[in-house]
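Right, I'll just put the structure down here and ask away after.
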């Protein structure tokens, strides 16, 4: 099992995982869950779309929820340093034989869409419109008072191949699990910390969960307490608990079929 | 300095310090402060009176604020076990040569009013109307989310005399400070814990502060954070800090001329 | 299902549930668990007995663990106000046809032992030797930093009979659960709060758990974290979570066959 | 007051502020303070030097304390991405007419030393020896349980010139304060967040403080509590409180003449 070497000078500069696009059958229920229990802020919405950001976030959205007949993840999103890096990214993916598209996404700068080798839809952009950071409006905090988008976990059948590919893009490994010579789990990061994206051997691609950070253990307990009291107690799927790898305090809140949020 | 002996079988059974009656020049400002920063619940109000209780409290009020031209404490209140104890109390005070009055107080059962030997107005009652406890309505918590009325501190010129008198009523000493043979501070309790009432040598009688308990250190920080963000940052008078005697984590929030709240 | 009426003037004055006597096959393991994970202080020990108290407690012990070939509860303990109350208690139990014994217990004042109608062994005493309170020695806190003994839960087959009997002794009901006309659970208290003893319909008598209070939610998380890291992760049986009745944040830590600790 | 433009492609890649080198008259007192109150881990020491790291840190040290006749800051340290970046840094500084030196620092890779235009001594290195991360050894946490080195604040007479210079090195401004056209304070960052280095108009260069992050508000309170109980209560200089810019919860702990630590 050869772990890929760190690539310090990658072909383009991803700064962090930045957002996910989810779908939902019931936007009203999604809004109630993300606002009241998770504590996200609704930046904007129209009849069929909700745009949320965390309390510390200045960028327009880190979670988009679209009305659809099923609930799943439509794409995961990365931020790159500048518009110039988007061009380098497009060049990189083309050289890999992957199909790229420039797409229009409301509130975002120029956005590159690609299907990665595992089949996961990924968006890249360098800029978003900005909104005020709300992290000192304590009197308006709700539920878990989620602060910042942190990472997503993507089950894939071939963790080694996926890890090798993302390593080429400059993501580095912080933790991994292997059985004999087989890589089963890889935590990969660009921003300082343990992870921007986690790969886990399982049928996929799909989204296992995405995670927001909170500022204090109290917020994790408060998210659960509010969930219980507003009639959403069954969203608390696992935890509060602490992961061995990364040492992070977490709770998994699962709303409907496949969206999951880890607060930590 | 002879400390009074514990009186295990007092002439009547006080169960705890239970409430204070304050006056205020500006009821709207008082309401904003107690609701938003301290996190009390408004049980009832009329044009000239506000009745507050803590989130855990089932009794109608632990803080009454009346519109007056100045801000001060009108009376401190104790709860006794039963109506029968009120009669015993009246008998006790009369035997001491103190003048007692039966007064009508909205939402309270029969209430005995007396001026104690230091000149402090004290109310005693056995019952109040009840309201729902709100301690699991986490989504409505505000500011410090004050839970229960805990104690008051009353400066008096003669701490020894005051302590001796309250000891006769069954209050016991948990902590005290003395200089040479002179008693300067006495912490006295009926309910388990460190204090229901604290006497401190100083011109008086007046009210130094009254205190509510909170469930977590986080609530103390939140009270300060909210105060700062809603334009009441100057109410944070001292702390957050920790007292040596009682070991309690506190913050003193002073609103206007003389009302002070310790959250701990 | 007639709930017993509150008895405000009981035949003798229990002030609170104060301690339990447990047995253990492995005193070294018991000591490691209670000191490192729960954070109790070892007040004294001999070859076959451990005496623990909480960080805030001044009395010698609230938990006694004796070396035996099995792990179970030997007795639960209540505190009464004065030695005089012990005499009244003995009188009360004799009038009920129960057998009482005066027993010698190290570090305790005169102690009355009785088997209650459900078969539960109960000890009553008015005094214990004292030790320093350690609640400001923050640098020595361990694990959950348990502060004060709070209550025990005793499964019994006939909750109604048990509740009626304890009500006669002055314990009052704060919460209960019933199915049709049958009382299934009763929370009873003497000290202010929700419970000193909880009865639950189940084969018994035996001890379901005993509980200590902690000062902050952080302590509950810390107890679990320490348990996990010192190789006792499997003691975390349930939680962290929050009970509906009493609204208390808890974790159940179960060490060996039957001792359980709720920290809250 | 022209704020410098962000430099997205700087001449060399600083990843973060990483360490400080302090001097102390009393190493024993320094050790006690940083271990017991701040909660740092002593990675190594010799007769005249202490090397500390935070609980999450894998690199050998983020704080070096050397025995000297006075207490001051000897240098601040930045980490760069690779050894190659060190060469680029040397080239950059020479082009600016600054004198650079390659120095030997125990436990560090090749280290570049330079005096910046304000007169501040700055060290750059790409690697350090590593030690185990200790962030899950909860049972050994002490005091504030400081996790990671975060930033330093450097008073300088000319904030504009200093900010312009560091902007050229790729540090970007997150917050600033200005009076009329004069820049008074600049918060600059490389890693995601509010600051790696803060400049403040004041006589200098010197070190105002350096800061570690903690994982929870509880750690800030615990640092103060331990300080008070082990006889170092006077190190608590300011706070606990919250900064407006960055919204960070903090406490300033000042030990001896000029070293200060902000925990947040």
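General observations
Per-chain residue numbering starts at 1, and chain names A, B, C and D are given in the order in which the chains are listed.
We adopt the following convention: a contact is a pair of C-beta atoms (placed from the backbone, for glycine too) under 8 Å apart; a residue touches a chain by one contact, two chains touch by 3 or more.
Computed from a prediction, not measured in an experiment: that's the story for all the values here.
Two chain pairs are in question, A-B and B-D; the one with more C-beta pairs in contact is A-B. Comparing the centres of all chains, each the average of its CA atoms, the largest separation from subunit A belongs to B.
A straight line joining the Cα centres of subunit A and subunit D is 31 Å long.
Measuring from the averaged C-alpha position of subunit B to that of subunit D gives a distance of 46 Å. With touch defined as above, residues shared between interfaces to two or more other chains in subunit C number as follows: 136, 216-218, 225, 228, 242.
Within the complex, the subunit A residues that touch subunit C are 217-218, 221, 224-225, 228, 240-242, 249.
The residues of subunit A lying in touch with subunit B in their complex are 36, 136-139, 142-143, 216, 218, 222, 225-226, 228-230.
Those residues of subunit B lying in contact with subunit C across their complex are 8, 15-16, 56, 81-82, 135-136, 191-192, 216-218, 242, 244, 247.
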